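A, B, C, D, E and F are the chain letters, set down in written order, and residue numbers restart from 1 in every chain.
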Amino acid sequence: MEALISRAKVLIEALPYIKEFWGRTVVVKYGGAAMTNEVIKQEILQDIVLMKFVGMNPVIVHGGGHEITRAMEQMGKKTEFAQGRRITDLETMGIIEMVLVGKLNQEIVAGLNRHGGRAVGLSGKDGGLLTARKAVIPGVDLGFVGEVLEVHAEIINTLDREKFIPVIAPVGVDHEGHTYNINADDVAAAIALTLRADKLVLLTNVAGIMRDSQKPETLIPTLKVQEMEDMIGQGTIQGGMLPKVRACERALNGGVRKTHIIDGRVSHALLLEIFTDQGIGTEMIKGGKS
Amino acid sequence: MEALISRAKVLIEALPYIKEFWGRTVVVKYGGAAMTNEVIKQEILQDIVLMKFVGMNPVIVHGGGHEITRAMEQMGKKTEFAQGRRITDLETMGIIEMVLVGKLNQEIVAGLNRHGGRAVGLSGKDGGLLTARKAVIPGVDLGFVGEVLEVHAEIINTLDREKFIPVIAPVGVDHEGHTYNINADDVAAAIALTLRADKLVLLTNVAGIMRDSQKPETLIPTLKVQEMEDMIGQGTIQGGMLPKVRACERALNGGVRKTHIIDGRVSHALLLEIFTDQGIGTEMIKGGKS
Amino acid sequence: MEALISRAKVLIEALPYIKEFWGRTVVVKYGGAAMTNEVIKQEILQDIVLMKFVGMNPVIVHGGGHEITRAMEQMGKKTEFAQGRRITDLETMGIIEMVLVGKLNQEIVAGLNRHGGRAVGLSGKDGGLLTARKAVIPGVDLGFVGEVLEVHAEIINTLDREKFIPVIAPVGVDHEGHTYNINADDVAAAIALTLRADKLVLLTNVAGIMRDSQKPETLIPTLKVQEMEDMIGQGTIQGGMLPKVRACERALNGGVRKTHIIDGRVSHALLLEIFTDQGIGTEMIKGGKS
Amino acid sequence: MEALISRAKVLIEALPYIKEFWGRTVVVKYGGAAMTNEVIKQEILQDIVLMKFVGMNPVIVHGGGHEITRAMEQMGKKTEFAQGRRITDLETMGIIEMVLVGKLNQEIVAGLNRHGGRAVGLSGKDGGLLTARKAVIPGVDLGFVGEVLEVHAEIINTLDREKFIPVIAPVGVDHEGHTYNINADDVAAAIALTLRADKLVLLTNVAGIMRDSQKPETLIPTLKVQEMEDMIGQGTIQGGMLPKVRACERALNGGVRKTHIIDGRVSHALLLEIFTDQGIGTEMIKGGKS
Amino acid sequence: MEALISRAKVLIEALPYIKEFWGRTVVVKYGGAAMTNEVIKQEILQDIVLMKFVGMNPVIVHGGGHEITRAMEQMGKKTEFAQGRRITDLETMGIIEMVLVGKLNQEIVAGLNRHGGRAVGLSGKDGGLLTARKAVIPGVDLGFVGEVLEVHAEIINTLDREKFIPVIAPVGVDHEGHTYNINADDVAAAIALTLRADKLVLLTNVAGIMRDSQKPETLIPTLKVQEMEDMIGQGTIQGGMLPKVRACERALNGGVRKTHIIDGRVSHALLLEIFTDQGIGTEMIKGGKS
Amino acid sequence: MEALISRAKVLIEALPYIKEFWGRTVVVKYGGAAMTNEVIKQEILQDIVLMKFVGMNPVIVHGGGHEITRAMEQMGKKTEFAQGRRITDLETMGIIEMVLVGKLNQEIVAGLNRHGGRAVGLSGKDGGLLTARKAVIPGVDLGFVGEVLEVHAEIINTLDREKFIPVIAPVGVDHEGHTYNINADDVAAAIALTLRADKLVLLTNVAGIMRDSQKPETLIPTLKVQEMEDMIGQGTIQGGMLPKVRACERALNGGVRKTHIIDGRVSHALLLEIFTDQGIGTEMIKGGKS
């Protein structure tokens, strides 16, 4: 009985967080280890279903990295990169779309449903959700790599209102009908901004933003946008973290209240972020240096 | 971090129960130790607010016992009982109503609000909720002791729909406008029946229904209506427990799916009942002997 | 037949007023003789029910005066006053709440229901309606005497929309959970202001505002706020009338269109105010001296 | 003041009737003296607007008699009758339609609006309200005299819901597109039946149904359908009254609760019928001889 | 089969126009040849029904010209004109109203219904749609010739929302209750403006606005308001066309996007205007000379 | 101008069909030549968008045939068939899902959007639309070839209501979470049945059901279920047509009004079926031999 009561107490301790986030929209960029490690994956999916049932509106945007490369290999197609981004010819784009929309997206949808949610998979084509344009990068033609031009969120609002969980693959079309692969962090930020979400959470494979990326104890719990600029200037934030913090910055400027870069390798990372006072990882908010 | 993760796991273990009860109505008769012990009281109120936030529609009916006697004494009025029930003259009824509606009901409302709920206190007069008639008992005139004649649940539905928690004092009026004190278990059963509630939970000061009331280990986890009849016939169920099982029986016959007689002296008794597989106390369901 | 026809004509003469007030909110402070004289009381309750049925949204706020003192005496508790206001210790506050919420409020609710309305009693605790703070008066600690800090009118709007008549007892809670007794005129004004009511009507035991309170023939039918200031400066408005006109002034400044101080000792005073061109008592409106 | 109070009392005496008829549909056949006498006409229009404002849904069907004959004469067209009904050739039908729809209907609409209602005139063509068929009478071709074949009440419900008062001219079209003049009593009965109205009221130029039509004191206040049959058999009900009682009978059989044949020459006849216990004229209800 | 396929292709070619106008309001002034030529009339009515079914909200305002004169003659009443406008005494106004509301309006309603629409005829009296005032013209009293003072469009919106087609006769009432005949072009413009219609289309008996009214080849497809002013200054636009372009100008200034003066003598003129790129007749839009 | 008018006439000729199908649900099984021939494909997509804009609710279910085989080959995977059905191991199922959901479904969605529709792609996993079970065929294990067990149409209704066009890939999950490929005709029939669609249209590569499949002139325009049974008995209906007529039969028995097997190789086959009296292909309806 004592064990049961202590479990009840944990539920009660969650009450203030449930109240705080009731009715709020949380956009989650789902990727990295949280997607490839089967145990972690099930935990994150459970987290999302729980969020939905206690009154939040989670909106999921997923990436695809490893699976795409694997499928390319399977089809005997070599992957080339330029400036760290995949050169995407028409055939590659076709494979990417099949993997993102026809495999990964459906796995997430099925997983959420299995845990009791009612998920609906969307690509940027569905309901005209994402209009894209070709990403222009000096000195190289990346092919069908795109940027978000517009978000038409009506389909998301429709699904939310009817208690479905939208799961979005980062694929868009331009005005001529060409399909583009878009960075999932950017899609998540653009959607969070359009929905005026309360939170944007990026699941990554690191603990968060650290003053010294080799020393976990230098993790920065809360970072203001102005401080971020300094750290970029000093080269403390660099590499793969750079586009992530820029995505967060855009979301914050567009009205999202808080953004979070958290460690997707941790069990139930989403719940920990939302249901504990200190959260996990790094929270980015607007404002100057304190 | 481990501690946090294990807390997240407790939340996740609640998910199947949250799903099961999402949108369901649970009528709770709140009384006894759960009302007089301040620690237990706050726990029960937290339980109710949590139930509301995770999607259930709790409806609270409270009793008053000790407080009424205490107020009577304070006013220098002697309490008389006949066949275990309070003889209620007009002045006594006035005191009862003031204590139930003006004191206890408001304390529960304020407590639920303090824990983040939005409660609204009701008597049977509000919105014409309870029509009563005089309880007729052979050989004695109990005065303004009444029975439920009709329930007009529109006010409850209105409040539920707008996310308020209804808290009901067991006072009714008859067609001539006389006010009656009604047994709170009976009111809870009548309301559960009218609302076609999923559950009726009676908080009591005992562990549940026991084969031998002196031996807690003889607690009966699940009891079918037909078995109950046998136990009444054999005198195993008697005294104060008798009207409680009869109230449950009426609710079950009227379409309530399950009724529970649980131990209000246990911490978070309501959550334990709802969020654990075995529940606590005795569950009564329809059906014959197995 | 002639008698019947002349009655029909009276109904028809009411038509322009019914049209004018259709869909409008009228907040009524109910107290004084209209509450203690049983005949007058029934008439006022009838008036309110009629207002509801012909399309208005009456919202009732009641006081308690005499009954509280009587209950205090009954419980052998002495009432002390300072600067005309009751010194309210914790025990006194308990008695006041029981009388206001558990007795008077319920009597009004039952009365309105008996005349065919569907009333719902509320205290400031229900639905978090009234947040209070301690009234600070130089040189004396009045105890649990409070002022309105905030009005959360959602519960009133919910009830109005569903055709219930809200009846409000002037009791509030502060952010620490302490209960306060608040002046009913002030509560009525604060609620009228929050609802942007069309009218605030204060039922009193005088004919209205008079230039010479001894001479009924000096009754002022219409008073502008600026004139009121002059009369206060000259001492013509003083004593118990002073807080009433101040309450009216606040309501007018907050957007209530008209306020009325009328004679609750007159039969059907509310209907007379609303359904006759000249109205009764004194109407206060915004604006300077004419 | 006394006079005012006695007027307030009249309003209060109306309260039980207002409650009883709140939300009910009352179909009124408006014709005869109530239409030709300007004073009576204004009174009846006021009655209808009042009914609307106190929560009823009056639906008006009007006739045309005298005006049609007058317009015919003005156009130098002779009116011929067969078996008491106007022989209606195509040209006559055109004149009838212009007078009913373009003159009388608009006068009633304008009158209701002037008294503060929001009336909308309809013919049986508007919204496809009335489908007609040619009335077949042995031995004579009446031309474009029709019967109600179907009622499509959607337009009435739409207007009611939006607080408009529908005013209907008794003109219908058959499936070939021919326009027919229909008896207004029959139209009123058919609409009352389709709407499952609470009341059908026929305004006539007589006091009601009398045992001896020369002796007003033989007026029958309440008549059951079975008794009516007997009176028809005995010839007591005959002539112009016959189709009226048959229309009432059809309405009663179709689910209308009460039908009334009342004296439209009396001031405020409609209010008298609805707001007095005895009503006026003759009430017809279902059932056999008592 | 080929013939069928080519028909399907025509439908498909309409798709871009259907999309463009889906949900848009188009006010049509219906008059002239389109009203008197039976073949053209049926075509225009079909056009309107089709517009409704493919998602537009057509609102029809009709005139009456010839029919009124004919009816006047039939009643032996001489028509007098002053400055090209009919001098309208009370009796004339009665005739006009009967013809417009009781004959022409009903014919259009019946015609639309026969083609499968659900039309509802309205005069400016219905639902208080049009408030008028007497048109003041120096040197002559035209009698009951009026101008639009206010439009209360609620009845139109109600009907639109419920999929009815409103058909409006240009008759209004002033605040004293006098009925006025109003120019139908002006009524159409005022209603288009109030509804913020997408289009106002005036059906006329000319091809549109021409630089030389004798030479159809000088038809101006698109005219900006500023150019219109020049053409009026030069006398190119004059006579009966003048009030039409002024009506268009007012509509454009009030927020209507486009206005069209088209040739009602052409088969399916409305569809041609809406479903072809070039449209027909003259389109007037805001803006200066290009 | 003449050409334009004749085009307007074609639109008008469509009006009766538009009226007939307004608000009706039409489930279209899209496959075969209509999917592989790019010209035909665009025509069918236009047909569907037009259907949506003129008020129908088209629901699209697509197959995949050729593309799946091609993708299998590309991945160096051999396709094996048993009894005419593809033996589907886990890897094959993965490829099928990617092709159906990630390629073909998205192409249809993008195509509909390009023609102005707002399409949303769904698999049977989205919103829990299709629950499957393993298809059991004596003597062979087909692997992940499934049958429809249940349809949960809420997501379709949600999308319809918000004016989106649902496009469904025939993939389902069983209660253990395994993914199955399901015959698209069967999915279309099951969905039509659940939605109580007005029509089920199967696009095929033949002209319809023929008495002699070599002689197009023996096409049967209308076939009753009972006649179908006879033709199956006689071997006239056999092979690939057999499951199609069985799917139609199930739909008819479940309440679908009409089913159609039409020639998807014909331009605008869908519009021809809906917008011409004779339709194309074979219409199957309930009932016995005539």
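Convention: a residue touches a chain if its C-beta (ideal position, glycine included) is under 8 Å from a C-beta of that chain, and two chains touch if they have at least 3 such contacts.
Being a predicted model, the structure only gives us computed values, none of them experimental.
**Student:** Using the contact definition given at the top, which chains are in touch with both chain D and chain E?
**Tutor:** The common neighbours do not exist; no chain touches both.
**Student:** Within the chain touch network, how many edges lie on the shortest path between chain A and chain D?
**Tutor:** 3
**Student:** Working from the CA atoms, figure out how many degrees chain C turns to land on chain F, in steps of 5.
**Tutor:** In short, 180 degrees.
**Student:** Could you tell me the distance, in whole angstrom, between the mean C-alpha positions of chain B and chain D?
**Tutor:** Their C-alpha centroids are separated by 55 Å.
**Student:** So what's the Cα centroid distance for chain A and chain F, whole Å?
**Tutor:** Their C-alpha centroids are separated by 36 Å.
**Student:** State, to the nearest whole Å, the distance from the C-alpha centre of chain B to the C-alpha centre of chain E.
**Tutor:** It comes to 68 Å between the two C-alpha centres.
**Student:** Based only on mean CA positions, could you tell me how far chain E sits from chain F in angstrom?
**Tutor:** Here chain E and chain F have centroids separated by 45 Å.
**Student:** Got the chain D residues that touch at least 2 other chains?
**Tutor:** none
**Student:** Which word fits the touch map of the chains here: line, ring, star, complete or other?
**Tutor:** Here the contact pattern is a ring, one closed loop where every chain has two partners.
**Student:** Per the contact definition, I'd like the list of chain C residues that touch chain D in the complex.
**Tutor:** That would be residues 1, 4-5, 7-16, 18-19, 22, 43, 46-47, 49-50, 53-55, 115-116, 266-268, 271-272, 275-276, 280 of chain C.
**Student:** Sort out for me which residues of chain F touch chain A in the complex.
**Tutor:** Residue positions touching the partner: 74-76, 94, 97-103, 105-106, 109-110, 113-114, 118-123, 125-128, 154-155, 158-159, 162, 164, 171, 173, 177, 179.
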